[in-house]
Amino acid sequence: MDSVVQRVVQPVVQPVVALVDVVAVLGSFPALAGASLSVNRGEILLLRGPNGAGKTSLLRLCAGLLPVERGTATVLGCDLVADRTSVRNRVGLLGHSNGLYADLTVADNVRFWGATVGASQHEIDASLTRMGLANRLADVQVAKLSAGQRRRTALACLVARRAELWLLDEPHAGLDATGRDDLDVTLRSAAAAGATVIVASHELERAGALATRVVEVVGGQVRQVAE
Amino acid sequence: MTGFMTSTTSPAPSDRAPTSTTFSRALGTAALVGIGWLIVFGLFLSPNDRVQKKGVRILYLHVPSAWLAYLAFIVTAISSAAYLSKRTRSLTWDRLAGASAEVGVLFMGITLLTGSLWGRISWGVYWVWDSRVTTTAFLFVTYLGYLAVRGLGGTHHQRARRSAVVALLSVLEIPLVHFSVEWWRPLHQQESIANGKLSGLMLFSLFIGVVVFTLMYVWLVLHRQRLLAMQDALDDHGLEFAIAERREEAVF
Amino acid sequence: MNTWRIARLVAAKDLRVEWRSRVVLNQVLPFAALVMVMFAFALDNDTVLTRVAPGLVWLATMFSLLVIVQRAFAVETADGALDALQVAGVRLGGIFLGKAIALAAQLAVLELMLLAAAIVLYKTEVVADGIVLLVTTFVAATTGLAFVGTLYGGLAAGAKGRETLLPLLMLPVVAPVLIGATRATEAALGTENATPSDGWPWIGLLTLFAVVFGVGGTLAFGSLIDE
Amino acid sequence: MDSVVQRVVQPVVQPVVALVDVVAVLGSFPALAGASLSVNRGEILLLRGPNGAGKTSLLRLCAGLLPVERGTATVLGCDLVADRTSVRNRVGLLGHSNGLYADLTVADNVRFWGATVGASQHEIDASLTRMGLANRLADVQVAKLSAGQRRRTALACLVARRAELWLLDEPHAGLDATGRDDLDVTLRSAAAAGATVIVASHELERAGALATRVVEVVGGQVRQVAE
Amino acid sequence: MNTWRIARLVAAKDLRVEWRSRVVLNQVLPFAALVMVMFAFALDNDTVLTRVAPGLVWLATMFSLLVIVQRAFAVETADGALDALQVAGVRLGGIFLGKAIALAAQLAVLELMLLAAAIVLYKTEVVADGIVLLVTTFVAATTGLAFVGTLYGGLAAGAKGRETLLPLLMLPVVAPVLIGATRATEAALGTENATPSDGWPWIGLLTLFAVVFGVGGTLAFGSLIDE
């Protein structure tokens, strides 16, 4: 099963994510207003905080999708200020939307995203099994799936990408009981295999149990939370 | 899926349920015989035209196919209306509409084909931007669209409602085709038959053509309609299994 | 609440969407203008141009119509608002009328611009006594087009690959409008020394068309978009 | 505050929702395969069950969006088999997607949906306040909102519609702590005022605490759950 | 992984989407055919027609191109797959090439059909020694169009109201292709007794165009779709 996360990660000295006083704007609005955060390898970090606080923006920034306006940001040793695209092929992002091709089948989708990192057929199947999709659903068009089944597919695609840094935006939302368990197992084993995981979620009990550390995002800033 | 109304009535298809009956077989034979007659009269007995020479013989395919296509589309419209009215609502009407439209498209195709061949002979070109020729082409495409709408999916009754509306709107193009020649750019033949410009024997051959095409139309529609009925029935039959399978999920 | 109030509501909403997004103003109008220029390019021959100018105006209108209708229903389907509308029990006849009104308003603006463009580009001049005919033509044609566009736009909105199904359904149906409007416009502009009197019969066709689709649409819209 | 749910509901003798052996198909797939359910006025019913079980389909069927293939279904006294559209203007549905107009502002959206039931400006404002949107957000375009803020907006629109039967698909997903509280308060007061609420959710603790009764949807059927 | 493998991956994916949805086949091809008929119809004069037939072929190609490109990027943006692609670190140059290849394949089919239609409808006949020129023209023009289409399609994909922004961006740029291809085709078909030799200079323009946008696109695509 671990084959899906077996990409070798050379030990890094500095933290995987190191943000200092980061400002990032959407349109004219500073979604991040001086956020500082440091995440070490193997951590599972939970971002909580009110709606519109900046969690999604933070994740997108770490994925190199959102430019850094001010401050310094280093992810997986890449300086995002200098070139935010440099980090991309090594992170995996699951946003609010799934990023699936509705006309293709579940298997097609996972195969495509797996192929972008040269995953083998065996790894593809492993990813499908991980999210409980290795059944009749594998060959159903995504357009026909239920909301939760789509979320599972998106997660399977993420697993197949074997990233070093996993960024997930409300991964539990829409998943049923078994789906949530599958997810937690997957994230834990990914972290155990040396990947780093950052989860933004409003389901504090569930995600809190999963996380090794919790921080709160408020008003575009990151606030430490006492255990 | 068929709605509750017909799902009970539609028979489970057995593997050797034929689409033909003694009636339709008789019809088919009659059509074949008729075709024989049409060949005899159309190609041999009927005289050449002064202007068109042998070319005129295309008339016996060209015009009947056109008229029967009209008829087919009108039938489609009528049965669509029958489906839409609450009292007579039944998927049988919908299937009739579908079958008739399919045959109509086929015949309109024949009209276009024979027409453009004839055009090559008498106008020297396959295609002209004559009003009737073009409107015919549009009518043809419109019913292709109609068939596309039938293929959109959804339940059988959704299919029926959608396509019925389209059918009722599309049929309005027929007068456009028929009268277009009076309206502008008349290059195509004007009303020549109605105002008896044809010799008796020509008229008779044309008559045979119309009869033959009518027979073929009825025969084709009967079979297509039965085939569609079987497909729908098959869906219902499949639904039984699908439901059973779906209920299995609840066991674990 | 009655169909008419719904219609006003929906029309107002659609126009407000346009007001806030300015899409038709900033993008469709220039597009239409471009199409005219392109035609001029493709058949660079003044005598030909002036001769076919009326036809081209209506061709351009037709293509712009496609774009506007697509946009009008993209707005509804993007986030499942069409479902919401149906559930809101908003009478579907009302939706039809409302969207048709908004569409007609936008079309009218567009056509005026196209006519102006034609007069400039193709050096067609308007004869005084043709004005009345011209105006009548535009009113009748616009109404008809708005109705057809809304009707088939709604039909295609439910379907897969809608952006491409729409033209297939719509173009053959609007062909009569294309003919009628072109001939009437020619008559109004006196192209090939046609006289206004030649134009009026065509107005009949256009009006008939508008009425048929107006009534048909108001009655049938429901069964078309009802998924 | 209660003004938003003050629509008078005349007492109904039979249950608000009465489904018997309902079969409903999506494409060729029986999403509902013999579902039976009865809900009384004032109840808050929780639908739980695995992904793809048929919860969303059940809600859409009750809203008159999904045709009844077999069996009998009566909602608010309307026979859905005879005419599934008859019930619509009296139910409110919040699906997986929000059904908002992205180009319009939050206030625009709530105003539009409120207007479909002739809500007054005061009721509109009340709905906004209910979901904590009566602030700078009220005039922000929906396209610019964060996921949770959109969900809030969708809920505000639902509140403004003052339905007799509320159908909600995972309403808690994406909402922050305060949002969830606002939601629960809203639903409770709606039920208290005589409305009926059906919620499909995977957050069993949260939704379970809210609900007065829980049923499980599995394999397109409804199964009673022992307290 | 290298740009070229990505390109193959993306192209294969796009063609598979078309294979599963059949949208271009079932809807765009008929649309293109219709456009031809409409033109002929609006122009409505045989001598004019044969004269401008080549121009019309390319005009129709252009409009179909718009539709196909729109579809190609609707697929990417519908569920935020474009974001996912960027994060997947899929080299953007690779995406560009891949989508361009798939687009060119679909365009080629389309043009063949249009040419056939033109020959029948407009009575243009192909002279033997024009064949080579004709083929070269189609190859050069198709490549150019595919590149431009992909480039601006990607640019518009990010923008608001993209379905209408695209035509505006693209048409002016493809105008040169329109002219060049038209003239070259005229030469090949001997319209207005032009001889093939007149055509070759235009091929130069077309090739230059293709090269510029091919190189430019591969380099600039990233910065374009990166918001």
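When the chains are written out, they are named A, B, C, D and E in that same order, and each has its own residue count from 1.
Methods note: a residue touches a chain if its C-beta (ideal position, glycine included) is under 8 Å from a C-beta of that chain, and two chains touch if they have at least 3 such contacts.
Being a predicted model, the structure only gives us computed values, none of them experimental.
Peer 1: Treat each pair of touching chains as one step and give the shortest count from subunit A to subunit B.
Peer 2: Step count on the best path from subunit A to subunit B: 2.
Peer 1: Which pair wins on C-beta contacts, A-E or B-C?
Peer 2: Between A-E and B-C, the larger count of C-beta pairs in contact belongs to A-E.
Peer 1: Which chain's mean C-alpha position is the greatest distance from subunit A's?
Peer 2: B
Peer 1: List the centre-to-centre spacing of subunit B and subunit C in whole Å, with centres computed as mean CA coordinates.
Peer 2: Distance between chain centres, rounded to whole Å: 31 Å.
Peer 1: Cα centroid separation between subunit D and subunit E, in whole Å?
Peer 2: It comes to 46 Å between the two C-alpha centres.
Peer 1: Would you kindly tell me how far, in whole Å, the mean C-alpha position of subunit E lies from that of subunit B?
Peer 2: 36
Peer 1: Out of subunit C, which residues touch more than one other chain, so two or more?
Peer 2: 21, 160, 165, 168, 171-172, 175, 179, 226-227
Peer 1: Taking each residue of subunit B in turn, which ones touch at least two of the other chains?
Peer 2: 134, 138, 141, 144, 148, 158
Peer 1: Multi-chain contacts in subunit D: which residues touch at least two other chains?
Peer 2: In subunit D, residues 27, 29, 103 touch at least two other chains, as defined above.
Peer 1: For the complex, which residues does subunit C have touching subunit E?
Peer 2: 21, 23-24, 27-28, 30-31, 34-35, 38-39, 41-43, 45, 48, 51-52, 55-56, 58-59, 62-63, 67-68, 70-71, 74, 160-161, 163-165, 167-168, 171-172, 175, 178-179, 182
Peer 1: For subunit E, which residues count as touching subunit A in their complex?
Peer 2: Result: residues 1, 6, 9, 13, 16-17, 20-21, 75, 78-81, 83-84, 86-90, 222, 226 of subunit E touch subunit A.
Peer 1: In the complex formed with subunit E, which residues of subunit A make contact?
Peer 2: Answer in residue numbers: 63-65, 85, 88-93, 95, 97-105, 108, 112-113, 115-118, 141, 157, 161.
Peer 1: Along subunit B, where are the residues that touch subunit E in the complex?
Peer 2: Touching subunit E from subunit B are residues 125-129, 134, 137-138, 141, 144, 148, 185.
Peer 1: With touch defined as at the start, can you tell me which subunit B residues reach subunit C in the complex?
Peer 2: 84, 134-135, 138-139, 141-142, 144-145, 148-149, 152, 154, 158, 161-162, 164-166, 168-170, 172-173, 176, 183-184
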